[in-house]
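This is the structure I have questions about; it appears just below.
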């Protein structure tokens, strides 16, 4: 995180800061709600634009709306930078980067056609919803979920690394077995893609083994995948269960018998009955 | 829950109340069993009606039976209201609403063709089966399951909210990658549908990536889905395990402050400090 | 279990009993191993018989082998009954019923063609393998697994009951939405089949929604299925974890301080240090 | 593990040993990093070789590169044997066998065409990455994962054994039901493959039931698979949770009998009764 100094804002800037960054005042709340609606609408417009019959009919309307939303969000972004206490920190923060990413595709469109469809990334801005509506319990829950994933990050990374090695080897073996008889296994990369589709139990069926040996080997892979799919579930469950237990254990010590392990709702020591 | 007064029933109404709402008397039990059979039969009739060859052959029979069942269930519904101690409460209760929903489709059929197939919703009335046959342990188990889901409700809501944002973004990226080369990814909404099908590991294969970049990106999504599918499992498992532990908790009540929830190794009340 | 008296066997019958039912003597062990090989071979023959090109070439050989195996297993079955201490109990036991089921299909073949392919049920007789090779730890593990499933039996039954109701309702709704535009959803039973395929995340793709409304509704079902699939996993995990803990806790009480909760490898009380 | 004596290396051999087997010296580190790059490149070359258009264009380049890498890895392998303290132990170790396997396919190519595609097995050599970059926490995590799988090995083996029996029986039943009406279920082995695809919820859809009875039976199998998929997850989760708890166990050592493994709430050694 960049540690630029907190700069002084003019009263005018301060007023805008409260409206844009906070949701405590009526004006700030209104601003946030209007923003959420604008985000949702702009995503819906981009989605509808991608539907061919609608695009043919309302092309001009869609383009106009898209530009309108992009201009509004660009102004909003510049305003956020302008009235932020620490502009650099905002720009480089998670939300700041998303805010920027959400206006870029329209401009990139000039260079790469089709890029403006990525405007749907704006939907990520809806993550502010919990903060705006003060849904504290939901915020807590999402923090807990994030924490559990964060704690199991390394285990999951190791796991995915082995899955990667495994799928490359399995894919290659299947390529050697099937490629001569099957129009699906056209190359090793495609076979690796098949191995991922199979191990994760997604199983599109766009590529499927046809030789007896290939089918037997696939059956083996799937049954292996059975045991493998248990691993990340185990990781996350154990981590969540640990977090749960930790957050529920009190670390108070009884002043009389010096024993620990009291519940958080306990007023008296459960071992000697003296006041905690 | 509406808190209308408990009204007085005539002895005649009371007798019917016991037959229809209770399953303690032989008559009440017989009524419930006949009702279950009628529900099952009426669902089977609707199902068979949807099978084209059967429909052609027995059209008149099916229509007659369907109307018969609807009339029977309508009379039953009116009876339930008539002999209920608190008619409003019944009408607005979970079972009351289902009972109403189970007769409406036949009448709605006049307005929207095809609606009568929704009569299969009647199968939900079978949920009464545990109560009727006094399957207390099953009732308890289903309450525990419901409780575990209820407790993890917020975590699951947060989780599903992020899944929603994620699928919109992933679907859009795939649309940009694949739409020019693939007849499947016709629009962003369809691509979002594909992202849901992939992340949940359902994997129909009606839409599947064909470009190398698309396949590589899909493989990434699937491997991510591997870790993601672990999250709800973790949530529910932890919640169930907590409920299990709680139900094994001591049921001693403090003789002084009358509060419960003591650990099994406690010697003194943790709320008031008196000996347990 | 039938409680017929233990009958007296002649020494000749006893000797055979030891060979057939026990695996302690060299002869008994040899018999069991030969039996396992015969079972495996007979299953392989039936499987190969179902492969059209092999069937054309070796039809007579297969029929001969199949009859040979059936006759051998029939004689073995009669022998088992003849030299059993409690013939009725054996006939009605789990293994006795499977032993009978494993010879019937050849005879039923005269009445229903194709029935002999069910001879592969003989593979279930391989379950004896753990007992024969004295794989005690494996036997214990399989008992633990069976126990965990046994204990969660009621919860899983309740769960599957709700899944059944749910799939009927979801299938009917999809039938109403899709049937006019989709050649896949031909009737409600087929739509219920689709709902099962989708909720369990199998996702064949033989039937898939094509209307926007149908795809949106399917996406909802899948995301719901995400949370639902967590339920049986949670049930079984909690049950297994409980079994594990129970089997590891000692119920010895310290004779001095009377406290419990000692580990099974403890020789002295961990609270007061006196001998357990 | 073979216990051949540690032989004496000449100073020259020792220097090479440090470079090749250790990653502590700058030279050793450089060697390992160059090796990792060479491994990755050689895998990429083999993968690209399998893509038809690339193969047509760069056939000679690919063959040259492949031979070059194989020669380099062969020399490296011989060097490893030559400067190892215990050559036999290295050759028979896990990494030694993989190192050998990674050069064989090029030579086997002369005998079996297509074998050289198995060179992608070289990617397994990347497993050294954690050791080279001293990613100790990752090494620990992967050891924990391996331990959890190792401990649940027997339970998973029993589970997979029953799955095998189950799929053979289910496949045969489906073969009897479907084979006359469905071009997919051509033989019992293929039907067993279908049963594996279905039970594991992969669901390619290359083979799918078409008869009403087959679809009903499949739905049953899938719902059964729902409960079954919970079993390995339960096994692994419980084992991981146990390992986690154990690793949180007290690491106090009894000052008297020097034994470990005491609970965190123990005041006295549970083995000899002396004060901890």
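Which chain is which? They are A, B, C and D, in the order written, and residues in each are numbered from 1.
Just so we're on the same page, contacts are C-beta pairs under 8 Å (C-beta built on N, C-alpha and C of every residue); 3 or more make two chains touch, one makes a residue touch a chain.
Just so we're on the same page, UniProt names per chain: A, B, C, D = Ion transporter.
This structure is a prediction, so every number in the text was calculated from the model and none was measured.
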Centroid comparison with subunit A (Ion transporter) (C-alpha atoms), farthest chain: C
Interface composition of copies subunit A (Ion transporter) and subunit B (Ion transporter): same or different, split at half: different
Subunit A (Ion transporter) and subunit B (Ion transporter): spacing of chain centres that average the CA atoms, whole Å: 29
Subunit B (Ion transporter) and subunit D (Ion transporter), separation of their C-alpha mean positions in angstrom: 42
Of all residues in subunit B (Ion transporter), the ones touching two or more other chains: 189, 192, 201-205, 229, 233, 235, 237, 241, 265
Of subunit B (Ion transporter), residues touching subunit C (Ion transporter) in the complex: 43, 46-47, 50-52, 114-115, 117-118, 120-121, 123-124, 126-127, 137-138, 141-142, 144-145, 148-149, 156, 160, 163-164, 167, 189-190, 192-193, 196-197, 200-206, 229, 232-233, 235-237, 239-241, 244, 265
Complex interface listing, subunit C (Ion transporter) residues touching subunit B (Ion transporter): 154-155, 157-159, 162, 165, 168-169, 171-173, 175-176, 179-180, 186-189, 192, 198, 201-205, 208, 212, 215-216, 218-219, 222-223, 225-227, 229-231, 233-235, 237-238, 241-242, 261
Touch list for subunit D (Ion transporter) against partner subunit B (Ion transporter), complex: 201-205, 233, 237
